[in-house]
Every structure is written in C-alpha cells, then in structure tokens.
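A single structure is presented below for examination.
Chain naming follows the written order as A, B and C, and within any one chain the residues start at number 1.
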C-alpha cells in the first residue's frame, strides 16, 4: 500500500516535472516532505501540519510553534511528532494553503478558513472522511459540545452525510453595544436608562452625545460626537466595532446578512425597510452634528485617537472591545470608565442576529494513515485539557503557559471548540458568583476563567491602581458579558437567525461590486450627498446588478438541503 | 563651471538653493516623524500626539529590538540575500548588456534575445506557477528562493545596454587593435567608463532586494526564515481589513498587542539604516562619475 | 572629430578580412555571454508562463492547471462587463499617467537643480534625504499623509492661516486624484532622480565652459547642453514606464481610499483585489494581468518604433 502511494506520488511529481520541462525534471529531488516516512526513527507517528500562527504568540524563550508545551503534550500522550509543513497567519496562511493544494502536497492536517475552500477539497476528493473516526473516537463531552449547536455546526462540515472536517465552533451570540464614558455621564450629571433595563433609546443616545459635544467633558477643546467606521457594516459580530449594527437593530434590521422576511422570502438585510430607517436616523444625526463631521474619511487609528484624546466618549462595538480597543483610553486617562448599553428596538426588544456557528475547519489529507489522530487531538485539547480540574498538578507546563498567557494558536489545532452558551455560562456560573463572593475563586476549575475572575477582583478592589489589563477584563466581562447576561435573564432579546452564511457563485463574481455599491451609497445617504429616498435607487441597483441572482441561488441551495 | 558674477545669477543661485533645501526638508519630514514616533510612549502614539518631537521620550523600543532574536535573524537573512543578489545581478547585467549593445550586424541573434527580455519584463506566469518551479527545484526555505528568481534584472540590463551604446567606438576599436577579446574589452573598457551607471543599477539591486517582502511570504514557510522586510510586514496588521472581513475576541486581542506602533516605527528606522550606509558609498560614483570623453562620432 | 571618423573608416576597410574572423569568434562569445542570463530567464520567467493558461480556465488549485475547466475568453468578457469598469479604467489611467508625467518632470528638474549645488556636503546630504521616502512603505506613509491632509491636519491649518477655505482632500472626489499623484511624486522623485544624476555627470564639463565663454546664461546651457545630453535616458525611462499605465499604485490607493472617493480613486488593482477577497479568483486575476501586459506591450513597442522614427535611435 505504502509502496503504491509512493509510486503514485512519484508519478505525480514526474508528470508535473515533465510539464515543467526536462531541464527541471533532472533537478527534482525525490525526498520531498511527503516522501519521508510517516514515522520518526524512534517509532513516533509524524503528522505534517499547516499551522495558523499569531504575530505575537508569547511563547517562552526557546519554544516554537513546532516544539512547545502543547506539541510536547501530544508527543507524550499520543506518541505523535508534529512537523509543520507551513506556518503563516491571516491572508498569508490562505495563500500557503492554496499553494499547497496547487502543488499537490497537502499537509496531513491543516485548518481551512472557509466553507468554499472545504467544498473544493471535498469535491476534488483530497481529504479524508471523518464520519467513522468521529463516531467511534470522539469523547462524549466533545459530542455534547457539538450537539449544543443543534446539529448546525457539524452540518456545515457534512457533505452527502459524510463528516469531512472538524468544524470550529463560534458561539458569539450577543448584541452590538453602545459603549459610553461612565465618568463623563457622572461628571455632567446625566441620567440614562431610567427604567434600568439596560436598553437606551435613540433619543437618550442623541442627548448624551449632544451633552458631550456641548460640555466637552474630556477637555479636548474639539469634541466630535459619535464616530463611525466608513464601512458602516461588518461581516460578523466580532468585527462590528464602530458599525451601525446597533442602530439597525432598533428597526430589527441586520445589514450584510441574508434573512427571511415576514413572508418567508429570503432578503438581503441591507436592502430592507428597517435598514432604510436606520440610515435615515444616521443621516439626521449627521446633519445635526451628533455624528463625527469627518465621518467617511476617518481611519481606525483616527478614531482610536479621538477616543484617547477625550474628543469622543461614545462608540459602538462588541462585548470584547474593552480588551483590545477601549483599553487605550484607560492608558491615557486613569479615570476613564465605560458603561455598555444596547439600543432599544421600536418593538421594545433588543434585536440581534445569530452568528455563523462555524468559522473554520480542520481537515485531514485523504489517504493519511491515521485520521483517528485528529479526533484524539480534539479530545485531548478540548475535552481533557478544557475540563481538567487541576492543571497545576496534572499539566504543570500548560499551567505555566496559561500564566504567561501564551496564545492559543500554539496549540496544534488553532480553533475553538466550545458549547454555544459557554461564554455566558462561564460568566454566570463561575465568574459572577466568585466576584460576588458567593464562591471562592479557588473553586473555579477552568484555568482561564479562574484567571479572569482573579483579574476582575483585582480591579474591583483597587480600581485606581489596577493594571490596564484588569480594567479591560473588568469592563468586557462585568459590563459587556454582564449586559448579555442581564438581557438573557430578563428575556429582552429578539433573535434573528440568518438563513445563509456562505458564498454563492454570483457572490464570488459580483459580490465585490455589490459591496462597493452598498458602501458608497450608504455613505452618500448618511452624509446627505443623496436624500434618504435614494435608498430605493440603491435597492433596485443592487437587485439588478446581481442581487436577484444571489437570492435565487440561496433559495435553490436551501431548497436542496431540505 | 565658470563663476558668474552678475546679480541675477546670484539671485538665481539663492533661488535654486532655497528650492532644493525645501524639497529636502519636505522629504525628511515623514522619516523624522517616524523617528520621533519610535522614541515616544505608545500611549502618545495612539493618541496621535507625536509630530516632529518625541512625546514622553523613551528608548524602550530600541531595547526591545536589541532583544528580538527574530529581528536580527531576519536582518542577517536580508543582508545575505542582498549580497548574493548583488553579485549575481551585476554579473548578469554586464554580461548581457554588452553583447546586446552591439548591432545585429555585429551580433547575430541580438534582436531575438532583446525581444525575449522585453517579453519577460511584460508578461509573467503569476504566483502559483513560479512557486511550483521554485518548489520543484527544492529551493523553498532556502536563501536561493529569494535570489535566483530575480537573477535577471531586465530593466537594469536595458539601462546599462544604453550606456554601453553611448561609449565611444574609438575606445573599443583601440582595444581590438591591441588584441583584446570581447570579455577583456568589457572588463577593461566598458565597465570602468560606465561606473556611474553601474553604481545606479547596483543601488537598484540592493534597494529592490532589501525592500521586497512578498517573495519571502511565498517561498519561506516559516517565520524563522523570513527576511527582514517580510518579518516587518508580518507585524503590520491591517485592523480595518480584519474587522470588515470578520474577527473574534482572541485574534483582535493578539493583534492589538502586536500593533505596537512605536516599536514598529523603531523597526522601520533600524531597517533603513543599512540603506543609509550603502548610499553614500555608491554616491561618490555618480557624483564624481568618470566623465565620458568628448569623442563622439 | 570628422577627421577621426574618416580615419576609423579607412582602418576598418583595411582590416576587413582579419576582422571578419574576429567578429565570428566574437559572435559566439556574445552568445556565451548571454547564456547564463537566458537560462535563469527560461527557468524563472518562461517556464512559469504556462500559468497564463489559467486566464482561459476556471482555475481551481485542487484540480490543477491540467484539470481545471477551460472557459475561453469568459474572464476577459466578464472584466469588460463589470458595471464600473469604465470608471475604474479612467481612474487608473489618469492617476498612472499623472504619476509618470509629473514624476518624470519632478525628477529631471530636481536633478538639474541639485547639480547646481556646489557645496559637496550639502549636495550629498540633500541627495540622501530625498531618496529616503522611497523606503517607507505606503502602509506607514499613509498614516502620515492622512494626518497631514485631514480636515484638522497641518495642510488645512496652513490654508486657514492664509484665510483660505478648508479642503477635504481625502473625502473629495475632485481632490483625491491630485492628492494621490502629488504624494507619489513626493515619495519617488528623489529616488527617480538617481538615474538622471548619473546621466548629468556624464556630460562633458568642457561643453559648459565653452558655452559660458560664449556668453550663454545658465538657462541656455541647461536647455542646449544638459537636457539634450539627458534626452536618450529620459526617453528610455519614459518608454520603459509606459507599461505601467495600468498600474496606478495599489499600495498607495489601498491605504488611502475610502468608499467616499471610490468614484475617482478606485483603480483596476484595488478593484480586482476586492473581487479576489470574496472568491479566490486566480483566473480572473491572471486575465486582468494579461490584459495589462498586452496593453503594455503595444505601448512599449509603438513607443520604441516612434523613437526610432523621430530620433533615429531605437532604445532596445
């Protein structure tokens, strides 16, 4: 069998080489990585991998992506040696994957970042069927995690009833929030959210922004109102900082998402009446000077500067924005404090959309001798380690990594696999009781969560002198997730589940053009270059230039699935 | 040049000096700003408070670079690459430019070569086929993958060829009389007389190889093999693109830790220093360039 | 000089036979000299050109170039059917042409002016300084440009100081193209002037002296001596930059534009890039690249022929 495989590979290489010309064929060395034996000299199984890295992995001196506490753990527990065929991040990783596919030398296991790429691999019969190994080897806990998505997650990786990949999970279901400087609210004696349901109205938002502009509580001399990003809408919740997502939510509109309207027809969120109303609100606010007058040309860095300079104290964003965005404000101003609200919908609810449950996938090369190892790694990292009760004793090296907050990308699979509600559960079951003193921090079994709880307490005990990271954790957890928890408990959410997250053929061809149209026209409407009714022109242009085709394709694809 | 004593000439001189110095200052500003940024605290940089004077002066960034092993490893790879490329490029440039500077009467087939060169400058097979060739030659993750694909600098060959054409025929003929063969003529006559032009294309080769980051991204599959500019590029992250196309809490957090703008500014400053050192070395060739004699046909 | 030419001619005639043999050996030496370079060109330029067939396929990496479906000219037709393609072409050419034209002028004028500076130290320092911006990538420079040209940036502060109306350079469709061209000239003129400086040093100072003695002023000397002697190199560089007429500078535009200025700022490369982000459109990208190459080839060949016709000198 192995001989046959080697022969096949030689043939492929030979044919490719002869295609390249004879001069090159002579140079082809037959000892390419895949030719090498899949075991090391000391009998360990080798897995070649494509690894998604992070720019700042924070690995301790001497450790690398190929040799670190996690790979050593795999070595020790599974007798497996991980060899990286390529390491890269972001776009560069996607390019390396494409090059690997093009050259016909896939690593044994790798991450693919889109459903389209996965589809391509499946259709061309390049990756292994994991149905059986998943059924036989996946631990109960892992199965339970996937089941918490009601089958949506595994379905994404399933083709013709065969599971072709391990899907990463993405349970980020939360409202886009409005983050406001609490210290400024206090300073000016403003009153917000009188009924205490953590929802504020558009009018309250406008009045607060107005008060900030008139009184300049940041003493910047040049207050600017609410800044928005010129792209106005992002593809998902994680990227929703500075978008109009929360304003659209007021009218139960979800731009950039494909949803079902009240008649059961599939529509594009950016073309709905609700989005028009939201744009109308923004245009009005821009006209009144409540929105940053330089909206449209501000870059991300500009807006961060506005925040840190005290020129603005209101931004929209996801629950985690304090961790990576707002923390800069606190670096400049020790007294800075934020509060998070969600805008109240015209139906009195917080209108939110559900996130795509799957982001990326782990695939195993077809004919790889040990596909079960993928599931074993899955069990090891997302069940055994994830649920380990005493990390310090059982996995001292990993415990040290947690302390150093080494990036998760250093694990063999750079994916997250957790229950759909885990962020919220961890908060309400573990963090909140500990912070409130109902339980002891030491009782928290999950290492990462324990760290979070500790840092939050550090901040609460001494807000003045706490580290910025503690300030950030406090805000993202207690204010951000706290808001989600409250709205969930009080049943304030009105969920919309988009019907389609993928990319159709027409989207690939015409999507860029349609997006350009959308971005251009939305800015024109908000800045008043075009009247609000121009929105209808936009909608008809959108439909004509490919939108109708896209909707038909989605409908056909969904019909096929049922 | 003869000194001109008239007042108008003197005014002219002042005007020229003013213009040239102003242009120099305008070009200095961005780099000055980056140097100031590299010596400022990261909060000041985030607040966009740094102009031409460092705010909250710190040398922390440079200390961090000194300790950044990968930075210096990449630095070394870049130096190696520039050195190898320079040798190969220059040898091939003069070797090709000389025969091409002959007329078709003298060098039969000259036009075929020329057309092949021009065609290769205009058309390229693209990233994937070139990658396949480099991979099949087993050059991935070697310094040669950065050097060999750019071995022939067509633009420079054409430039030098044109300088060679301008070399007075009498010089060559004299050498032929002395019984020199083409290679000797090239080395003894053409190269010495074209030093300013050769210094120029040498500079192009050095600058081009030092600045190129893309081939590192394709042919090096591990960060530890990246040349310097590829390494620096991998640290400059486009948050806007990330937000637009979708992001999660972890990736955003990690990215923010990297987007240390004062540190990145310091890295840029250090990465430019070698080019600042090289330039004056070559500069003397094109300021005191050996003057081509007045002998023209 | 005439005498010398005649002398050379007679020498050539006398030695024709001996020379003939010499030329023959020389001819093979010339081929040998070309050989190493041509081998590199074959391996790294010509062999990968089989990738051009991707433009006529729906290339899918997993299927490879042999297995992907052929679609003929579909990608080219598709390119011309894109709704904004006319606008995008116009933007690309206006921006690229502006950059080539003003960039060339800027570099020539600067090199002539710099050549007049006699303080060696000053001359060297300025030359070094103006070449610096070339080394800063647009990712870095864009931040500087945005700071300078935003509504509260230094440029508008200067405008206000002189009582002029503030201008929204980054958000105005009429100002964005001049901004792109201007900042690009600023970034590159110093580096581009290097070749011209090398050309100026090749001018015989004797000519200038003779002209001065004849009473020619500075302007006349530049016009009649410096510029004519630079002309071949100016023409050569101008012709070699022609294929760039459809390359308007992706990095610069990408880092400076916003949807507000798509109308005048969106160029072919940014447009293709955005299409590529959604689908991994290798084939489409290749097709656009080939289109650019063909336009470039037509331009460069006709320019070369024109140069031959009017200046009696082919450049390659």
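Note that in this section a residue touches a chain if its C-beta (ideal position, glycine included) is under 8 Å from a C-beta of that chain, and two chains touch if they have at least 3 such contacts.
Every value quoted in this text rests on a predicted model; they were computed, and no experiment measured them.
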item: Chain contact graph, described as a line, ring, star, complete graph or other shape; value: complete
item: Pair of chains joined by more contacts [C-beta pairs], A-C or B-C; value: B-C
item: Centre-of-Cα separation between subunit C and subunit A, whole angstrom; value: 41
item: Between subunit B and subunit C, centroid-to-centroid distance (C-alpha), Å; value: 15
item: Sites on subunit A at which at least two other chains make contact; value: 20, 24, 98-99, 102, 231, 299, 301-302
item: Multi-partner residues of subunit C (each touching 2 or more other chains); value: 43, 47, 50, 61, 277, 282
item: Residue list for subunit B, restricted to those that touch at least two other chains; value: 48, 128, 132-133, 137, 245
item: Touch list for subunit B against partner subunit C, complex; value: 1-2, 4, 9, 12-13, 16-17, 19-21, 23-24, 26-31, 33-34, 48, 91-92, 95-96, 98-100, 102, 106-110, 113-114, 116-126, 128-130, 132-134, 137, 148-152, 155, 157-159, 161-162, 166, 169-170, 173, 176, 181-183, 196-197, 199-200, 203, 207, 211, 233, 236, 238, 245, 265, 268, 272, 275-276, 279-280, 283, 286-289, 291-297
item: Of subunit A, residues touching subunit B in the complex; value: 13, 16-17, 20, 24, 27-29, 32, 53-56, 64, 84-90, 92, 95-96, 98-99, 102-103, 170, 172, 229, 231, 234-236, 238-242, 299-302, 304-305, 308-309, 318, 320, 323-325, 327-328, 331-332, 359, 407-409, 416, 476
item: List of subunit C residues in touch with subunit A within their complex; value: 42-43, 47, 50, 60-64, 66, 78, 82-84, 143, 146, 150-152, 168, 170-171, 258-260, 262-263, 266, 271, 274-275, 277-282
item: Footprint of subunit A on subunit B - complex, ascending; value: 42-43, 46-49, 127-128, 131-133, 135-138, 217-218, 221-224, 234-235, 237, 239-240, 242-258
item: Contacting residues of subunit C [partner subunit B, same complex]; value: 1, 4-5, 8, 11, 22-23, 25-27, 29-31, 33-34, 36-38, 40-41, 43-52, 54, 61, 65, 110, 113-114, 116-117, 120, 122-137, 139-141, 144, 147, 186, 189-191, 194-195, 197-198, 201-209, 212-213, 217-218, 232-233, 236, 240, 243, 277, 282, 285-286, 289-290, 293, 296-297, 300, 315-316
